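Just so it is clear, A, B, C and D label the chains in written order, and each chain counts residues from 1 on its own.
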C-alpha cells in the first residue's frame, strides 16, 4: 500500500468489504487441519472452527433473522453452540467446552458460511440503515475474531510439544517501514504529548464500537510518550537485572501471579535460548522488535524498573490521532504475522495503558441484545491502544479500546513507556 | 459533641492523639474473649488480636527500631507473625494462617502494646520531623485497623450459627443529625455537582496517605449526586423487582459472581425476615438507613436498575470537600456502630465509585519499606469515598481513597447514585 | 459366530492374533473424523488418536527397541507424546494435555502403525520367548485400549450438545444368547456360591496380567450371587424410591459426591425421558438390559437399598471360573456395542465388587519398566470382574482384575448383587 | 501396672469408668487457653473445645434424650454445632467451620459437661441393658476423641511458627518396657506368624465397635511380622537413600502426592536438623523410637525399599491377639505422650496395614442413628492396627480397626514390616 493508492482507490462498497472480510477469515483458516481447527488450549482461547461459526451466527442472528423476513436458521441446534455470551439470546455452550465440538465438521461450517454469505449479499441491496449498520458491526466483529483466530491458533500450537508452525516466516520486508511516520523527527527517544484540555473518544458518524464514545474532554498534565515500543533487547536487560525476582518492582497482585505461575519471561519465550514460539514455529528473538506476549503486570513492572510509567489511555490516544491508523505492521496476507522494529502507534503490538476499561463519561450501551457488546465487560480489565501485527488493516482507530485482564498474555501485547514532564 | 466544643478545644498534641488512638483500639477489643480475638473467618479478615499486634509491630519497626537507637524487638520471633505484607521486612506468616496464632496470648499482646506505648511516649519529645511523620502515619494506620477490627469481628461472629452480639445496640440518637449538613437545601433528591476544570487530590501539608496526592486538575462534565445514600427500603424494591435474577443489569463478571456464589441479597441479610446481622446481633432492617455490605457489582447493578450510574471519584470528592469531614455518623464510643438515616457524604457507609484505584497523575510512592504502603495495591480494586460508621472520627478527608476488590462486602459499603446532566 | 466355528477353528498363531488385534483397532477408529479422534472430554479419557499411537509406542519401545537390534524410533519426538505413565521411560506429556496433539495427524499415526506392524511381523519368526511374551503383552494391552477407545469416544460425543452417533444400533440379535449359559437352571434369582477353602488368582502358564496372580487360597463363607445383573428397570425403581436423596443408603464419601456433583441418575441418562446416550446416539432405555455407567458408590447404595450387598472379588471369581469367558455379549464387529438382557458373568457390563484393588498374597511385579504395569495403581480403586460389551472377545478371564476409582462411570460398569447365606 | 495388680484389682463399675473417662478428657484440655481450644488447623482436625462438646452431645442425645424421660437439651441451639456427621440427627455445622465457634466459651462447655455428667450418674442405676450399652459406647467414643484431641492440638500448635509446647517432655522412663513382652524370644528381627485357617474379628460379648465383627475365618499363607516397628533411624536411612525421590518405590497416587505436596520427610520433621515437633515442642529425634506421622503411601514405599511389604490386617491381628492389649506405651497421665523404643504390638504408633477398611463378612451396622457409626466410612481408607502412645490405656483390642485415608499423617501412625515366607 502506498499513499497514491490510498488516495486514488475508488470508494469500497459495504458488500465488497463484507466479501473481503469473509474471504480473509477463510484464508486465515486455510493452513489448519480438521483437528487443528478444533483445538482449545485454555478457556480464553476458542477453536478456529468456533470463530468461523460464531461470526456466521452473528450475521445469521442479528442481520438475517431480524431483518430478512422468512429467514430460518441453517441448523436450529447450532445457535446453542456458537453464541458467545449474549444472555438475551438464550442458553449456550459453556465457554471451556468449545473444544468438544468435533461436529459439525469444518466442511459443514464452511457450507454454512457460504449459505449465509449468499443470503447476505442477496439481501444487501434492500437493507435500510439499521440493517446496514448491523452488517458493518458484523464486519468489525469478524475482524476482531480474525485476530483472535490467529492468537488462539498460536496458543493451541504452543500447547503441542512438537511446536508445529502455522505458516512460514517471510523475510523481513523493508516496504512496511515506509508507511510508518518517523516516531520523532529529532531522533529523541521521547515524543512530547499534548497538554491541557484535549478531547478523546469517538464522535458519532463513521463506525465505532459503542464503548469508544462519546467524545469528551479530559485534562492532561505535561507528559512524553516513548518514540518506540519496548524491544526484546530491552526486555532481556530487564530479565538480566533480576526484573522477575525483585518484589519491589511489582504490583502486589502481579507479584502473587509471578510466584504462583512461576513466570520468568514473556509467554512463548525460551529466555535461555533467546527464542520465542511464533506462528512460524520457534524463532530467534529479533532484538530490535517490540517485545510481545507480556501481561499488564509485566508491563507495569518493566516501567517501574525503567523509571517510567505506562501512558494513560488519553495520553496515547491524542498522539495516535495524528497517525495513519491504517498504516504500520498490521494483518496483510502478503506478510508474515510478527512484530517488527521501527513501527509507530498502530501495528506490531497492542500497548498496555495504565487506564482501567471503564465507561467514558456519557456512555450509553446500544439497545437490545447487541447492547451486551462491550459495556458488560467493564470490570477487571485494562485498556490497550493501537493495533497489532494480527489486527486486520482498516480495523484500527485512535479511539479504539482493546481490553484484557491484567494477566492476559496470549494476544500480541507490548508496552510503550510514558513519563510526566 | 457539639459545635462549641469543636471550636474551643485546645490543639491536640501528637502524643495525646497517639495515646487516644492506642486506647481506643484496646477499648474496641474489650468485649472480646481470648477465643473471639483469634477468629479468622476468611483470609481477608484478620483476628482482632492480630490487629492489636500488627499495629504495634508497625510502631516498633518503623518508629522505634529505625529512630530510637538501641531499641530491640520485644520478642524477636513476633515480627514474622505480625508483618502484614511488607516484602522489604522479610518473610512473614501466610495471611490465611493468622487465625492459628493462639499464642502469644491476648495478655501478652496487651503487655507488648503497653511496652511500645511507653517507649514511644518516652521518645516522642526528642523526635525530629521524620520520626514524627512516622508516628502520624502509625496513628492513621492504626485508625484503619480500628475499622477493620470491627468489620472482621462482625464477619467472625457471623460465621457462628449462634450469632453472638459484639455489643448492644444503642437507641437511635437524634443528636448525631445536627452535625450533618442538609443534603440539599431544597429537598430535591439530587444535588448539583461542580463542572469544568476542578482540582482533586491532596496537597502537601497536613497528613495524607501517599496515594491521595498529588493535587491535580480534572475536567468534569455536568452531573448530579444523590442527596441521600441508597436505603434498605430502596434495596428491598430492587430485590422485589428481580434485581438479582436479571442478567442484563449486571456486569459480566458480576453476573458470574452472583450465580457462582448464589447471591440474593446484601451480606448478612435475611431478606425474607427483613433482618440483618450486626454488631448488636441480628436486628430488623431500618428502611430509611443506608444499605450496607454490598459489593461493587451490586452497587453497579442497582444503579443500572435505577436508571442512574455510580459517581466517579472526582465527582464525589469535589462535593465532599465542602462538608465537615469529621461530622456524620462515624466511630464514637458513645454510639452503637451502625448506618443511620439522614447522613451526608462522611459517615454511615463508604460509597462505591465507578473509578478504579489507580495512581493520580504525578504520583510517586514514598521511599523505603513504608513505600509499599498503597501503590502496590493499584490493580483490580475500585475506589470508595467518604467514611463509614466504623471509621474513627477524624480519620476522614475528601481526598481519602478507600479501595477494595469488586466482590468485597464485609466492610460497611454502600452506594450513592449519580447522573449526567 | 456360531458354535461350529468355535469348535473347528484351527489354533491361531501369535502373528495372526497380532494382526487381527491391530486391524480391529483401526476398524474401531474408522467412523471417526480427524477432529473426533482428537477429543479429550476429561483428563481420564484419552483421544482415539492417542490410543492408536500409544499402543504403537508400546510395541515400538518394549518389543522392537529392546529386542530387534538396530531399531530406531519412527520419530524420536513422539515417545514423549505417547508414553502413558512409565516413569522409567522418561518425561512425558501431561495426561490432561493429550487433546492438544492435533499433529501428528491421524494419517501420520496410521502410517506409523503400518510401519511398526510390518517390523513386528518381519521380526516375529526370530523372537525368543521373552520377546514373544512382550508381543503377547502388547496384544493384551492393545485390547484394553480398544475398550477405552470406545468408552472415551462415547464420553467425547456426550460432551457435544448435538450428541452425534458413533455407529448405528444393530437390531438385537437372538444368536448371542445361545452362547450364554442359563444363569441358574431353576429360574431362581440367586445362584449358590462355593464355600469353604477355594483357590483364586491366576496360575502361571497362559497369559495373564501380573496382578492376577499368584493363585492362592481364600476362605469363603456361604453366599449367593444374583442370577442376573441389576437392570435398567430395577434402577428406575431405585430412583423412584428416592435412592439418590436418602443419605442413609450411601457411604459417606458417596453421599458427598452425590451432592457435590448433583448426581441423580446413571451417567448419560435422561431419567425423565427414559433415555440414555449411547454409541448409537440417544436411545430409549431397554428395561431388561443391565444398568450401565454407574459408580461404585451408586452400586453400593443400590445394594443397600435392595437389602443385599456387593460380591467380593473371590465370590465372583469362583463362579465365573465355571463359565466360558469368551461367551456373552462382548466386542464383535458384527454387533452394536451395548449391554443386553440375559447375559452371564462375562459380557454386557463390568461388575463392581466390594473388594479394593490390592495385591494378591505373594504378588511380585514384573522386572523393569514394564513392571510399572499394574502394581503401582493399587490404591484408591475397587475391583470389577467379568467383561463388558466393549471388551474384545478373548480378552476376558475369571481371574481378570479390572479396577477403577469409586467415582468412575464412563466405562460400561454395572452391578450384580450378592447375599450371605 | 504389673501383673499382680491386674489380677487383684476389683472390677471397675460402669459409673466409675464413665467418671474416669470424663475426668481424663478435662485433664487433657487443662493446659489449653481459650484460644488454643478453638484452633482448627485443617478441616480434618477439630478444636479441643469441640471435642469436649461433641462427646457431651453424644451422651446428651443418645443416652439422656433417648433413655431419660423428660430430658431437655442444655441449650437447644448447641446440637447443631456439635453433631459430627449423624445425618439422622439433622443439619449441622460444616466440618471446616468448627474453628469459628468462639462461643459458647470453654467455661460454658465445661458447665455443660458437668451438667450432663451429673444427669448420667444420677440416671445410671436405673438403666437397662440398652441404655448401659450406649453409655459404654459413649465412653469408648470419648476415648477415641481423647486421642484426637491430642493429635489435633499437636497439629494446631504446629501451625504456629512459635511452635508452643503443649506439655513438658518427661524423662524417658524404663518402667514402661517391663510391660512389653519381648518381641521375639530369640532376638530375631522377625516373628513367625500363624498360618492356615485362622479366626479374626470380634465375638459378641464384651464391648467392641460394630465394624470389628463378626468373627470369621480367613486363610493365611506363611508370613513373618517384624519384631519391632520401623524406627526413626531406619527412616533416616530411607531418606538418605533417596526414598522420597525414587518414583519406582511409590504407588502412582503416592508419587503424585509426594510431588504435589513437596513431601520429603515425615510430618513435623526437620530432617536436616534431626528434630521433630512434638507435644513437648521441637525435640531431637530418638533414633531407636518408632517413626511416626507417616502416611500410608510413605509406609508402603518404605516397605518396598526395604524389600518387604505391609502386613494384612489379619496377619497383624492374629499375633496381636496373644499380647496384653492394655500393655505398652499408651495414654497415661504419668508419662509424656511420645513413641518410645522397645514396644510391642499395642502402643507407640498405630501401624498401617495393606488392607482396605471394608466390612468383615457378615457385617451388619447397628440400627438407628448410632448405626451411622463406622459402616459409612468404608471407602477410600486403610486399616491401622494396635494402638498409639495417645490411645487411652484400656481402649485397645486386637480386633480394633482404626482407619484413615492414605494421605493422613497427623495421627501417631507408623509401620511394622511383614514378609511372605
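In this section, a contact is a pair of C-beta atoms (placed from the backbone, for glycine too) under 8 Å apart; a residue touches a chain by one contact, two chains touch by 3 or more.
These numbers come from a predicted model, not from an experiment.
**Q** What are the chains that subunit B and subunit C both touch?
**A** Joint contacts, listed by label: A, D.
**Q** Please name the chain that ends up farthest from subunit A once chain centres are defined by their CA atoms averaged.
**A** If we average the C-alpha coordinates per chain, D ends up farthest from subunit A.
**Q** Please tell me the distance, in whole Å, between the geometric centres of subunit A and subunit D computed from their C-alpha atoms.
**A** 61
**Q** Could you give the separation in Å between the centres of subunit C and subunit D, each centre being the mean of its C-alpha atoms?
**A** Here subunit C and subunit D have centroids separated by 39 Å.
**Q** Between subunit A and subunit C, what distance separates the C-alpha centroids? Give it in angstrom.
**A** 47
**Q** Any chance you could list the residues of subunit A touching two or more other chains?
**A** none
**Q** So, with touch as defined above, which chain pairs make the list?
**A** Pairs of chains that touch one another: A-B, A-C, B-D, C-D.
**Q** Going by the contact rule set out above, which residues of subunit C touch subunit A in the complex?
**A** Against subunit A, subunit C makes touches at 33-39, 41, 49, 77, 80-81, 93, 97, 99-106, 156-157, 159-162, 164.
**Q** Using the touch rule from the top, collect the residues of subunit D that touch subunit C in their complex.
**A** Residue positions touching the partner: 85, 87-88, 197, 216-219, 221, 247-248, 250-255, 296-297, 300, 309, 312, 354-356, 358-359, 361-362, 372, 376-380, 406, 420.
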